[in-house]
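Labels run A, B, C and D following the written order; every chain starts at residue 1.
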Amino acid sequence: MIRFDNDYTEGAHPRIIEKLVDTNEEQLPGYGRDHYSDEAKALISSICDHDVDVHFMVGGTQANLTIISSALRTHQGVIAPDSGHIAADETGAIEATGHKVLELENENGKISAEQVEDFVEGHWNSPVREHMSQPKMVCISQPTESGTLYSKQELERIRKVCDDYNLYLMVDGARLGYALASEENDTTLADVARLCDVFYIGGTKVGALFGEAVVISNGSLKEDFRYIIKQKGGMLAKGRLLGIQFKVLFEDDLYFDISRHALEMAKRLQEGFENKGIEMHYPSPTNQLFPVLTTLQIDKLRQKYAFQPWEDLDVDRKVIRFCTSWSTDENDVEALIEDIGRL
Amino acid sequence: MIRFDNDYTEGAHPRIIEKLVDTNEEQLPGYGRDHYSDEAKALISSICDHDVDVHFMVGGTQANLTIISSALRTHQGVIAPDSGHIAADETGAIEATGHKVLELENENGKISAEQVEDFVEGHWNSPVREHMSQPKMVCISQPTESGTLYSKQELERIRKVCDDYNLYLMVDGARLGYALASEENDTTLADVARLCDVFYIGGTKVGALFGEAVVISNGSLKEDFRYIIKQKGGMLAKGRLLGIQFKVLFEDDLYFDISRHALEMAKRLQEGFENKGIEMHYPSPTNQLFPVLTTLQIDKLRQKYAFQPWEDLDVDRKVIRFCTSWSTDENDVEALIEDIGRL
Amino acid sequence: MIRFDNDYTEGAHPRIIEKLVDTNEEQLPGYGRDHYSDEAKALISSICDHDVDVHFMVGGTQANLTIISSALRTHQGVIAPDSGHIAADETGAIEATGHKVLELENENGKISAEQVEDFVEGHWNSPVREHMSQPKMVCISQPTESGTLYSKQELERIRKVCDDYNLYLMVDGARLGYALASEENDTTLADVARLCDVFYIGGTKVGALFGEAVVISNGSLKEDFRYIIKQKGGMLAKGRLLGIQFKVLFEDDLYFDISRHALEMAKRLQEGFENKGIEMHYPSPTNQLFPVLTTLQIDKLRQKYAFQPWEDLDVDRKVIRFCTSWSTDENDVEALIEDIGRL
Amino acid sequence: MIRFDNDYTEGAHPRIIEKLVDTNEEQLPGYGRDHYSDEAKALISSICDHDVDVHFMVGGTQANLTIISSALRTHQGVIAPDSGHIAADETGAIEATGHKVLELENENGKISAEQVEDFVEGHWNSPVREHMSQPKMVCISQPTESGTLYSKQELERIRKVCDDYNLYLMVDGARLGYALASEENDTTLADVARLCDVFYIGGTKVGALFGEAVVISNGSLKEDFRYIIKQKGGMLAKGRLLGIQFKVLFEDDLYFDISRHALEMAKRLQEGFENKGIEMHYPSPTNQLFPVLTTLQIDKLRQKYAFQPWEDLDVDRKVIRFCTSWSTDENDVEALIEDIGRL
């Protein structure tokens, strides 16, 4: 079975594994107070080109719920596309911390500045707004769960609305590498740091064994963040594991290099589908592809490949997700393309 | 200013006030352990014709959050129409207790058994259902926030889906009197008790100073409910106030009589609108009317009457809510009808 | 049965009842937007002699959980005596909103500035303080659950510690009238407003049918408080009921007059016990008395009187609570004293 | 600097590292659905000799809050010693899920069956028990945070009380290996599985990079546990990392072998202290030692060794914690003993 079902099918990039092996016997302080963590934070801060706080966390859901419950008061909610991870894929993790996810209808995984403004305007204009969850944060994913990207202009317009209505802007960057390295992308990590109040740089899906780097730009969100990491169960005793991994990822542009590999693999695969006349459900320029296949095609491919069912369009046409990643083997992609050609 | 903006503009029905005055000097145990509360519970149980537990609470949001947080485990959510009170009007009260409100698109304030079944079926068929809030309860309002009613058949079909998928059915009956007394209604209080796992009978909007009677039919939801009332701040020290009021409401059919009055007033008012050729936005057979008025019409009526803006259809056409209640004065209705005729 | 078991055995003071009757037919806006509520707030603000926000809530547990969950971030806790209402008597209501109650050992229901300082100092000096709930608020009761009082000096010293360590000071004043009217008291309502960030003035136990007036002095705690009242289920549709009651209580010093009555009754009763050589367990100068009785004495008094078991000191000696209130009948007190004399 | 400050100063046992390296390129399903996780679960189930569910989680606080919030209803609390990790060291993590930690005074880190019974009996005998958090679970640590052990008889007596009062028994086994391998221990893993409703086997402090194995014996606690792992942020995308580690730890008794090493090191170190006439604050037969040192002694040792301040007994006598672990180097221990001799 060759797996294209997600971007976390292997362990970690060999350079990360190597570094974990090399440092294994070193005695270091716990809870992220080690020098590797400090160095990794300094590297990320430097690339962000902004006065930021960096914290390492184990996973995305944990990062989302920690950030949001740290930032919001009890009556405040977070605006997100209805396709967003916090809305659709986290077992009500945000609600479990007491906050409503205020869902806006997505288009290809995205929401627009206008949608946000209309919603927030509606809240503040309501004479009974106290009977509604108060919108205080916008959380979008870059790239989105549909593989699409926000352009710099789109982000700037959302930022503008956030400024106008006193909202925090948060980016779930679980696959941020695959956005930043995309040919269609016009946004740098420094742009993201400048435009967001808080975001995170995904490691789990981009070469690390696990780990997300939370980056806080807004000074008012920095206070006491470590308390909340601890409370929510996210403070790793051997925090070094996160520091070491992110140091490796960011010291020689490894994060961007391996992201580019995934995108190159996705591009070839997409051409394979399109050459066969297979339509893509979302216009994704990143590492997730959403071809529309027939049941017969799916059954054939299923013999050799793992992929993820996404949505049934009708009885015979189904959207399927294929992921490439930092670890995708070129030969596997070629084999798959060949098999697509034979469908 | 003559108020039609809601159904809680006056105090309480004179017979309730009278009884509160008469009993004021009696020394009674606290926290609902008094004989009036016992008598009121017995009356309601008897009408429900079912082995139920009855608890009195001060208000609707409190009743909703207490019931739902008592019934659900942390990963479970409650299905509701997106127009439902728990979804739209309670400042995220349910989420604040940790549970996601799983919103389905309403039609005239209602959802159907098919919608519920499709949603729940989708959950249980998903290979990644553990990443989603688990649907465990359905919460609908009778009458709905749009004034409409579920028929007995509709309720029975929703009950069937709840049985098939192991869901609790809860009815928010903040205006239950106005449903039960409606000409279009074919459901008795005993039917509601039989079909629901838990529901409540609204007092605040139907003649009481305040108060809702929570009725629990499902034995597994009865345990320890008083603990949770206390924890959520809903245990009134002078619980007698609730017992006395519900005793008065239910000992001579007062609850139904005063509901009928409100419906008669609403019916006349609706005729007044229709005679003027004014369209109703929702087909409400209960005490809330939703005429579509022009800005000019609204400005004229606003001189003498209070009513509630509901929704803007376009620049000039707006949905407005008029409520009648147990306390609506016939002369006020006649005056309003006359003024509508002159619009 | 003559009841001395608590201070909420009757309804409301006759003047309150009278006003509720008189205003019953008035049509008023909901949710505390009526003129009675405005007038009551103005009266209380004026007596507090401070720029405060006033909100009316139905009960004490509700007020406590609303205030605390409004003020604290998720990792912050509230310091309280282990005998405090929020620690011992509210079914974990504060924890249910996510916050730890940091309990300090009480002495006669009180904690000292030194205890608070030691605890907070310990927190901030700990190298692993992020692993502990951060103390951010002090919540004490005036009078305490043991009937005792904090002197102005004691309150000022606690205030000083709160200033030094950036803590909010909250007073649970469910029985505040019985503190303010006590002969031993040297603190005015204006002092309380000046020394606290937030507190509430209890109505339920001091002449109202129900209701507590939350007073917020600290500007940073004022924002959005109504949202949180609504979310926690505390926003009464007929908010007028609270406004009317507090207006009556505060427009002619009624609140203080009826408190004085309760204290006079308690004083006589205490003399009755002491004349019989019965010891008081706590040195309470307010409306709660805690005599130490033998099982035989208890059994005798139980024939005619209701009172509350409090604590078993040993097999035969038990602490019992007797409460007087605004509604205590002088004849009942005299009868009880006579019966005590015969024990 | 030679570190004895905790038992997570190095990475992982070499055999674990080796296996992670060897399996790094394998493509496997995510979220713990891989065969390594299945094999590790089967191994642990087999040793537990009981029909258990096993789930792997990243850390201890996460495991605690996930288990407790899965097991309890909103009004229920968990009994723990005041020195317990959930009471003292997790930033109110349990309270943040809504549940009160009901703290009993510890003696050397332990509580007794009698203490639990008295507390629970007190709850159920109270006429106002609905005003208190309902005790529903007992959570103890084995070994305790003071390094001490519960004997099998002690555990059986606590189990008996749990049976009598319908309480769950949970064991926080973050250092369970160091209990099971202790000379003083008379309890097997199968005993723990039999006596507890749920417990976990710590990996982070016993040879793994990270990870705890949650073992659920009680059938009623098994349902839907994976939902709650996901909701609380504990579902590792690359769940293989946990499965692989626990497979290595349990396939050749490695877990017990490396635990024995730590205990042997601790024993020698304890002799070193005692030979110098230094008293131990707690009678710990496991891998944590709590010598009472003078400021001067501390200052001298601090030059070469890292250790953890624990408690100040008076101005000059302080309790210090030294930990050994699976990774402790014999030479480091000898060096430390020599330096202790020279104090």
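Throughout what follows, a residue touches a chain if its C-beta (ideal position, glycine included) is under 8 Å from a C-beta of that chain, and two chains touch if they have at least 3 such contacts.
Everything quoted here is computed from the prediction, not taken from an experiment.
Visitor: Could you compare the number of C-beta pairs in contact for B-C with that for B-D and name the larger?
Guide: So, comparing the two chain pairs, more contacts are at B-C.
Visitor: Counting a repeat as over half of the contact pairs in common, which of C-D, B-D or A-B repeats A-C?
Guide: So the equivalent interface, with over half the same contact pairs, is B-D.
Visitor: Could you please state the distance in Å, as a whole number, between where the Cα atoms of chain C are centred and where those of chain D are centred?
Guide: Taking the mean C-alpha position of each chain, the two centres sit 41 Å apart.
Visitor: Can you check how far apart chain B and chain C are, centre to centre, with Cα atoms defining each centre and the answer in Å?
Guide: 33
Visitor: Where the centres are mean C-alpha positions, what is the separation of chain B from chain D, in Å?
Guide: Centre separation, chain B to chain D: 49 Å.
Visitor: By residue number and range, which residues of chain B touch two or more other chains?
Guide: In chain B, 74-75, 90-92, 96-98, 130-131, 134, 227-228, 230-231, 235 touch at least two other chains.
Visitor: Spell out the residues on chain B that touch chain D in their complex, using ranges where they run on.
Guide: Going through chain B, the ones touching chain D are 69-70, 73-75, 97-98, 130-131, 134, 224, 226-231, 235.
Visitor: Residue numbers of chain C touching chain B in their complex, please.
Guide: 1-3, 5-6, 8-12, 14, 17, 20-21, 23-30, 58-66, 90-93, 96-97, 204-205, 209-210, 227-228, 230-238, 240-241, 306, 327
Visitor: In the complex of these two chains, what residues of chain B are touching chain A?
Guide: 74-75, 77, 88-92, 95-101, 103, 127-128, 130-134, 309
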